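For reference, chains read A, B, C and D in written order, and residue numbers begin at 1 within each chain.
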Amino acid sequence: MSAFGPHAGYILTAYASVVMILGGLILMTWRDHRAQRLALDALEQRGAGRRSGKALS
Amino acid sequence: MSEAFLAILKRDLALAARAGGGGELALVFFLTLVVLVPFALGPDLNLLSRIGPAILWLGALLATLIGLDRLFQGDEEDGSLDLIRASALPLELAVLAKGLAHWLTTGLPLALAAPLLGLLVALPAEAMLPVAGTLLVGTPALSFIGATGAALTAGLKRGGLILPILVAPLTVPVLIFGVSASNSALGGTVPFLTPFLILCALSLATLVIGTIAAAAALRQAD
Amino acid sequence: MASLIELANPTRFMRLSSRLLPWFVGAAALLLAVGFYLAFFVAPADYQQGETIRIMFVHVPAAWLALMFYSMMAVSALGTLVWRHPLADVAQKAAAPIGACFALICLITGALWGKPMWGTYWVWDARLTSVLVLFLIYLGIMALWRTLDDPSRAGRAVAILTLVGFVNVPIIKFSVDWWNTLHQPASVFRAGGPTIHPAMLWPLLILAVGFTLLALALHLVAMRAEIMRRRVRTLTIFEAERLDRLAAEVAI
Amino acid sequence: MAASDAREDALALTQISYPPLTLSAEDLACRRGGRLVFENLDFTLGSGEAIALTGRNGAGKSSLIAMICGRLRPAAGRLRVTGIGDAPLMEQIHLVGHRDGLKTALTARENLDFVQALLGEPGLPADEALAAIGLPHVAALPVGYLSAGQRRRVALARLLVSRRPLWLLDEPASALDTASQRMLVGLMQSHLDAGGAILAATHGPLGLEAAREMRIGP
């Protein structure tokens, strides 16, 4: 791997920040998507989605 | 008694974090102010670094004042202030809890973000710690002086507008000692510790005076 | 336009996006891998700046994407206000954090590129400053989304703010350039112009497309999450009322 | 059904009786912004008693309640309270005014837990209080999502999460449907049975047999 020259530190920090920010964004977006998915399934299981609106118990 | 104090503190922190709580607005306003100043003064880094601490302190002061009118107004409008008055917890301690919550969501983040924003005004590295230190110690004073103003304007319709006018003159000492303590790191005759300790004294004094005055003001508002 | 209308129906969008998503992610991963390999191991160092030129490979795409996402938000804003496209404010809300992140990446990599070159992390260079102002506009838009919790009303308000911002971006760019050249002699930072070495142009383009596909994939996931969030919200309220009616009938 | 058992718990819990308390007013007068709202008003309210405060809007119903809360100084006359020792009157009062006192960003359970911690004397836990007012399913829902009637009932549920002898209610039944009004009467009745006292400003009748009406103003 070609040495990154005297300023290797800055290059690595730059790429590290990219990985951190993008990684954080991807993680948060994915976790939000999963959370809403689970909430929606839970609601639809309880028949909220269906128009019939059967009695709960 | 302490249960009620913690209840108010936890509730206010939760409200600031919830959507629409405006917890992070002070930080964004602080960033905006620090970005605007160089547009007025020009991009010359030497000039900016000389007045860096002043810009950061003014930004923090205004960012704290901007969110203060909602400190009691929200509770006044939806009736929770009546609840707090009906509690066994003295009103002074309730005000202390709310002021503390306000500081934790406003003053503390500003102090922590100040060094980072110092980059925009070419703040030298050795000045970053003093600026953050003075802000950390000075912002409680801003929160509690502001709490008095917020209590006075809680019932008014346009309270939000006159609050900074009421409170700004009272914050002059905090501003003076905060900036002079930070500037000591840029060289100059004033040692760091003297203004810093005065700033600490100011904060402790306003912690008491501000809380008592705000509680008295809330008792008047009917 | 017809396809745009068909896409309007959320359930159809959900099905379509779930089919599209793997392709986006796959292509993005491939392009990024190839691009980074080229950027690090094949592209020559710059004769003047040495190795630090490699920061350009993330800095420049990030700037493009910050602008591209803001333009996408402006189009979605038109969709909300003019064509009343139901998915428009979902697209608008989903795009804001992604655009803001790329603007932030552009600023951070710019500062890290500036330190070895000019000795300080931040120089009020015209282009960097414009991206900083754009970042502030993004923060304003995201703050407005957070304070208005009722989705339908919020969508229109933010659309207006986005469009006002969109009109101002060129004005800001011009005035910052004028402000910058007025005070500072010609800025040293000239790399990244069209005359860069072809061996660097290829990795840059590949990485740019790779990042764009990644951003679009993220945008799709964010939109799906937003659609489900709104559905969850309406269903929860509907459920609360239904149970309330049931409890009232039982009580009589 | 879950709701009715919780209602038994609610009634059971409030059976623990309150110490005797009497609130008496002598020749009370109220002036607001220079205008004489009412004068020479005399009444006494003892444990187990309820007063339905009637009168047209602006006759001073809310002013009297504010006066009892200590938020408004009487222009003349005196309010005396016996039976609570030197504890301030404010700590014996549950006030449910026009405004619900709820934070819309917080969930119903968080709001009620806050009230319980703030006012002390814990009564029912939040979920049981919500069940007692027929809303067991909204505990985790932000109050902002609820309808006006549901919010009013969550506001009334705070009467159950902490136990205070004197209930001051300002038009408690506003925004409530018939089933909820019947539930409110049940709660008030059980409060009276436990030796509490109620002063409620209402337009219509309170629905309690023990309640005596007191009219203010013309």
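The definition used in the following text is that a contact is a pair of C-beta atoms (placed from the backbone, for glycine too) under 8 Å apart; a residue touches a chain by one contact, two chains touch by 3 or more.
None of the values given here were measured: they were computed from a predicted structure.
**Student:** More C-beta pairs touching across which pair, B-D or A-C?
**Tutor:** More C-beta contacts join the chains of A-C.
**Student:** What chain sits nearest the middle when you go by CA atom centres?
**Tutor:** Smallest offset from the overall C-alpha mean is found for B.
**Student:** Of the other chains, whose C-alpha centre is the longest way from the centre of chain A?
**Tutor:** Result for max centroid distance from chain A is chain D.
**Student:** What's the distance between the Cα centroids of chain A and chain D, rounded to whole Å?
**Tutor:** 46
**Student:** Where the CA atoms of chain B average out and where those of chain D average out, how many Å apart are those spots?
**Tutor:** 38
**Student:** List the centre-to-centre spacing of chain A and chain B in whole Å, with centres computed as mean CA coordinates.
**Tutor:** Distance between chain centres: 34 Å.
**Student:** Go ahead and note the Å separation of the Cα centroids belonging to chain A and chain C.
**Tutor:** The separation of the two C-alpha centroids amounts to 16 Å.
**Student:** Got the chain D residues that touch at least 2 other chains?
**Tutor:** In chain D, residues 1 touch at least two other chains, as defined above.
**Student:** At least two other chains touched by the same residue of chain B: list those residues.
**Tutor:** In chain B, the residues touching two or more other chains are 19-20.
**Student:** Using the touch rule from the top of the page, what residues of chain C touch 2 or more other chains?
**Tutor:** Residue numbers touching two or more other chains: 149, 236, 239, 243.
**Student:** Per the contact definition, I'd like the list of chain B residues that touch chain C in the complex.
**Tutor:** Per the stated touch rule, the residues are 19-20, 22, 24-25, 28, 31-32, 35, 38-39, 42-45, 119-120, 122.
**Student:** Within their complex, state which residues of chain C touch chain B.
**Tutor:** 111, 120-124, 129, 132-133, 136, 139-140, 143, 146-149, 179-180, 182-184
**Student:** Going by the contact rule at the top, pick out the chain D residues touching chain B in the complex.
**Tutor:** Touch residues, chain D against chain B: 66, 69, 71-72, 90-91, 93-95, 97-106, 110, 113-115, 117-120.
**Student:** Tell me, which parts of chain D touch chain C in their complex?
**Tutor:** It comes out as residues 1, 3, 134-138, 141, 144-147, 150, 177, 179-180, 182-183.
**Student:** Can you list the residues on chain C that touch chain D in the complex?
**Tutor:** Of all residues in chain C, those touching chain D are 149, 233, 236-237, 239-241, 243-244, 247-248, 250-252.
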